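The two complexes that follow have subunit A in common; it is paired with subunit B in the first and with subunit C in the second.
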Partner chain A sequence: MAKKLLEIKNLKQYFNEGKKNEVRAVDDITFDIYKGETLGLVGESGCGKSTTGRTIIRLYNATGGEVIYDGIDVHNKKSKKDLKMFNRKMQMIFQDPYASLNPRMKVLDIIAEGLDIHGLVKGTKERTARVNELLETVGLNREHANRYPHEFSGGQRQRLGIARALAVEPEFIIADEPISALDVSIQAQVVNLLKELQEEKGLTYLFIAHDLSMVKYISDRIGVMYFGKLVEIGPAETLYTAPLHPYTQSLLSAIPLPDPNYERNRVRKGYDPKSHKYLDDEEVTMREVTPGHFVLCSQREFDSFKKA
Partner chain B sequence: MTNNLEKLPKDSFERITIDSTHAEKITKPSLSFWQDAWLRIRKNKAAIISMFILAFIVIMAFVGPYMVKFDPQEVNVTHANLPPKIPGLEKWGIADGQGKLGTKTLDIYEVKKIDEYYWFGTDSLGRDLFSRLWMGTRISLYIALVAAIIDVFIGVLYGGISAYYGGRTDDIMQRIVEVLIGIPTLVIVILMLLVMEPGIWAIIIAISITGWIGMSRIVRGQVLKFKNQEFVLAAKTLGASDSRIIGKHLLPNIMAIIIINMMFTIPTAIFFEAFLSFIGLGLQAPAASLGTLINDGYKFLEYQPHMLFFPAVLISLLMIAFNLIGDGLRDALDPKMKD
Partner chain C sequence: MEKVIEVKNLELSFHTFAGEVKAIRGVNFEVNKGETLAIVGESGSGKSVTTKSIMRLLPESSTEFKNGEILFGGKDLLKISEKEMQKVRGKDISMIFQDPMTSLNPTMPIGRQIMEPLLKHQKLSKADARKKSIELLGLVGMPKPELRMKQYPHQFSGGQRQRIVIAVALACNPKLLIADEPTTALDVTIQGQILELMKDLQQKIDTSIIFITHDLGVVANVADRVAVMYGGQIVEVGTVDEIFYNPQHPYTWGLLSSMPSLDAAEDKLYAIPGTPPDLLAPPKGDAFALRSEYALKIDLEQTPPMFKVSDTHYAATWLLHPDAPQVDPPVGIVERMKTFPGSRYYTGNAGGAN
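And then the complex of A and B:
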């Protein structure tokens, strides 16, 4: 197995901690991301997928737990220099292409922002050259550099967001629902671009989405989240063919296929957390059922999974 | 149909290839936000006319006092209470120096044997009203502009800090504002003017002492709106410092609203200054502002209506012009907010 790039250990993100309206957006999740892979993170709206991504990249200060990048805990670092190094290695692509580009800045300045902050280029000439190169990488024209974001379509804007993230030459990119705001025909464009870039530059992705078929297409491994908890994680193929956790089964049963025969007979499963019937003294943790395939379950459930 | 097509001569067709690199081309000329706003405000006739009127008033406030040979503060009791007399216009029966003396209407200039022309007449102390009017306009504009700049400065800083740092800082700062806004403005202003030495700065401070609150609330709202937008988060993930985020991302986005609000603050300040002067808390003689001129004029409204007429018209023009420009700017800078 490939080298571990990122280890997330018992990550917790609580909002309004200790108050009546406490929200446990991310509740004690643990997983690893390997170098060069794409980990898809799926789950229903509001289950904490985006919060997980944002906490990993330090947009929020974690309530608890560790994020270890290449052996270094990124949440305990204090010095500005270390933080900057980390900012270069890890980047993010945002969900809403209309909100993620500053409407008052030219494309040139938007993409060059990372270059400026990290002092990666010397002089205007090199800066423009680098931006042009990045624009071409994401399939846009160099003439676009002097335009404002409102002149672009949604797909073009999302590609500008990708170019901005690529400017600092990151190793790891968190894609926070990068395609959910786009037209279906444009979704493929952006996803294919991400795939090409991964092959070219050896990038590692955390791909957050709720479009299951798209996640299956792009991911090597998939994690399923439910109410702030990671309920199942495993290789994409295994997870799709043999889902173990009832929530994953419910989620997969909801995928429509363009096949009338299949659709007529498709059984949609519901999921009720009470169906587990956990006892008070049972410990519910992530357990490895088959190599690399973890499920959140009790010992009793684990045994029954093993048998099956 | 298909048969006909086959008979078409081959040489009348030309093969073209589409260059895929042109697919993403944008032909529309690139316009910055401000160029775009200018295109929109150009169509707003009221705002454009107001701009010309305002420009005229501002220019006159600087050159007006020097267009006539009289000093705005020079008292000449023998020339007191003269009606307006303008060369050229006098033949048509307007501004011809006619005024009431007792029950009769006479040419006062002839009665008093005065050869000079006082374009807008004189006041009860014989000071030339034309030069006084523009001098007064200059001081009113100065007070309003400085007060507005102070409002913007404090308001943006206070509102910006309150919203950007949020949490407890925001709570404490907003409670302070609520206390301040609970005290009636006029009470604070009168107390301030009693304590301070009367003069331009006393009025400016009196206007600014609570005037920044409105601006700070607007700025706070805007910063709250923008600080969690994804483009700001993107800048954070790139490692941008707070000063960079504020300077490059937040300020340019709220600049339009600050300018619009300032355009409405200036006429309010002019009006407030006039009000203070009118109730006798403003500038002291011989200094003049539009407020003191109106105050002087209204005492002689029955016999010397010109003394009230000119400053009143000017202050109305200023108010209307500023408000129409502000309206036009709001529509131009923030098309989504329209109606």
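And then the complex of A and C:
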């Protein structure tokens, strides 16, 4: 198995902690991300998948748990210098290409911001050259550098977001619903671009989305979240062909497919958390059913999964 | 079959600072009684503008109807006065919008919002309207409707809000329901529930639906017929099976190919190259030609007419002209065509359709 790039251990993110309206957005989740892979994270809105991404990159301070990147704990107290090093290795692409680019900055300055902060280029000439190079990498051209974000379409803006993330030569990119705001035909363009870049630069992705068919297409492994918990994680193929957790099954049965015959005969499965009938003394944890395929279950359920 | 609405040769422009945007360039379609017509296409293709012009919801100051008519119940909706139009909206034709967060009034209890069309159009008494509203809430699957009547939109989840919007839209048993991306803002699981609900209610009150979406999976689920729009025109129209299993227009091929399938492990996703056309200066000929690898020389010069494929299936592409060269669609599309009797790739034993 490939090298672990990122270990997430018992990560917790509670909002309004200790108050009456406490929200356990991310509740004790543990998983690893291997070097060079794409891990897809799916679940319905409000299940905590975006919060997980944002906590990993330290946009929020975690309530508990550890995020270990290449052997170093990210959430520990850190000097500014260490933090800067870390920020260079990990970058994020946001969902809304309209809101994540500063409308008052030129594309040149948006993309070069990271370069300036990290002192990666010397002089205007090198700076412009590097930005032009990045624009070409994402399929835009150098004339675009002097424009403002409003002059671009949604797909082009998402390309700018990708160029900005790539500027500091990161190893790991968190893509938080990068294609949800785009049209079908443009989605395919952006997904292909992300895949090409991964092959070229050996990037690792955490790909957060609720479009399951796209996630299946881009991911090597997939994690499914439900109400702040990771309920199932495993290789993409296994998860789609043999989902074990009833929530995963329900989610998969809901994907609309562009095939009228299939749609006419579809059976949609519901999910009721009460259907597990957990007893008070049962320990519900992640258990490995087949190698690499973990499911949140009780010992009783685990035994029945094993038998099947 | 009885036609509920007929749109004929609709042409419409917006006047903006940048110039005249030719948003709709000759659109024809009709919706039959009790059927669901899905209009698909990417943003800017004119699908929302088409339906907004049916409802006359476009800003009058900047919109110019250049040509065409919208026939509904023997009247041309483009010619009647605003006052008459108000009697149509919410009564004969109602609309469900994309975003249930913004289409409800946040300062009004939802009960009053459902009662509004009942009081205005059906002239019910307050008590009767209240009763009917509770009934409607029950119909759209809201638990404890009496209690919920007094609550405000922010006390509901996204899926519940969309149910309320549907209740408002169906209050007066409209002849035509226009749903503009009603499930785009929702999760797959909730989306499934809302689609089931809409299909269910359609049968109960026998209404026709125009369903706008860019999600082909949703189209396959709800539609009886499909119209594919591109660059302000309908480029292909047919029954749902004809569009999905025997598509003819290269743009429809592109749309279908860019959806990843769950079982096949493609290496690379097909992406339609380029960007949608600029309707400030619409391209000559077939608007899609510039992005299409199947474009013929004539595509750049003359706009293709609608060629007939079957009685229900028409497509605007020169590829269907008798003199056009025979081209093979992308592999995935040929696979689809193999299962469709009547397509030239039909293999006889309906393979994939199980």
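The rule is simple: the second predicted complex is superposed on the first by the 307 of 308 C-alpha atoms of A that agree within 3 Å, B and C clash if a C-alpha of one lies under 4 Å from a C-alpha of the other, contacts with A are read in each partner's own complex, and residues count from 1 in each chain.
We adopt the following convention: a residue touches a chain if its C-beta (ideal position, glycine included) is under 8 Å from a C-beta of that chain, and two chains touch if they have at least 3 such contacts.
If you're wondering where the values come from, they're calculated on a predicted model, not measured in any experiment.
Undergrad: Would you mind checking whether subunit B and subunit C clash or fit side by side on subunit A after the superposition?
TA: In the superposition, subunit B and subunit C stay clear of each other.
Undergrad: When the two structures are overlaid on chain A, which partner does A:N261 contact: first (subunit B), second (subunit C), both, or neither?
TA: second
Undergrad: Is A:N76 touching anything from subunit B or subunit C once the two structures are fitted on A? First, second, both or neither.
TA: neither
Undergrad: Once the structures are superposed on A, label A:H210 by its partner contacts, choosing first (subunit B), second (subunit C), both or neither.
TA: Touch partner of A:H210: subunit C, not subunit B.
Undergrad: Which partner chains sit in contact with A:T124 here, subunit B, subunit C, both or neither? Use first/second/both/neither.
TA: neither
Undergrad: Taking the superposition as given, does A:G161 touch the first partner, subunit B, the second, subunit C, both, or neither?
TA: Only subunit B is touched by A:G161; subunit C is not.
Undergrad: Tell me the contact category for A:N10 with respect to subunit B and subunit C: first, second, both or neither.
TA: neither
Undergrad: Examine A:N146 and indicate which partner it touches, taking first as subunit B and second as subunit C; both and neither are also allowed.
TA: So A:N146 only meets subunit B here.
Undergrad: If you stack the two complexes on chain A, which partner ends up touching A:Q299: first (subunit B), second (subunit C), both, or neither?
TA: Neither: A:Q299 stays clear of subunit B and subunit C.
Undergrad: Once you lay one complex on the other using chain A, what is the shortest C-alpha distance from subunit B to subunit C, in Å?
TA: Least C-alpha distance: 6 Å.
Undergrad: Residue overlap on subunit A between the subunit B contact set and the subunit C contact set?
TA: Comparing the two interfaces on subunit A, one with subunit B and one with subunit C, the shared residues are 156.
Undergrad: Where on subunit A is subunit C touching in the complex?
TA: Residues of subunit A touching subunit C: 44-45, 153-156, 183-189, 191-192, 195, 210-214, 216-217, 240, 250-251, 254-263, 266, 268, 271.
Undergrad: Considering only the defined contacts, which subunit A positions touch subunit B in the complex?
TA: 54, 57, 59, 83-84, 87-88, 90-92, 94-96, 99-105, 113-114, 117-118, 139-141, 143-144, 146-148, 151-152, 156, 161, 164, 168
Undergrad: Could you please specify the touching residues of subunit B with respect to subunit A in the complex?
TA: 21, 24-26, 28, 30-33, 229-231, 233-240, 244, 248-249, 252-253
Undergrad: Which part of subunit C faces subunit A closely enough to touch in the complex?
TA: Residues of subunit C touching subunit A: 42-43, 158, 187-192, 195-196, 214-221, 240-241, 244-245, 254-256, 258-262, 266, 268-273, 275, 339, 353-354.
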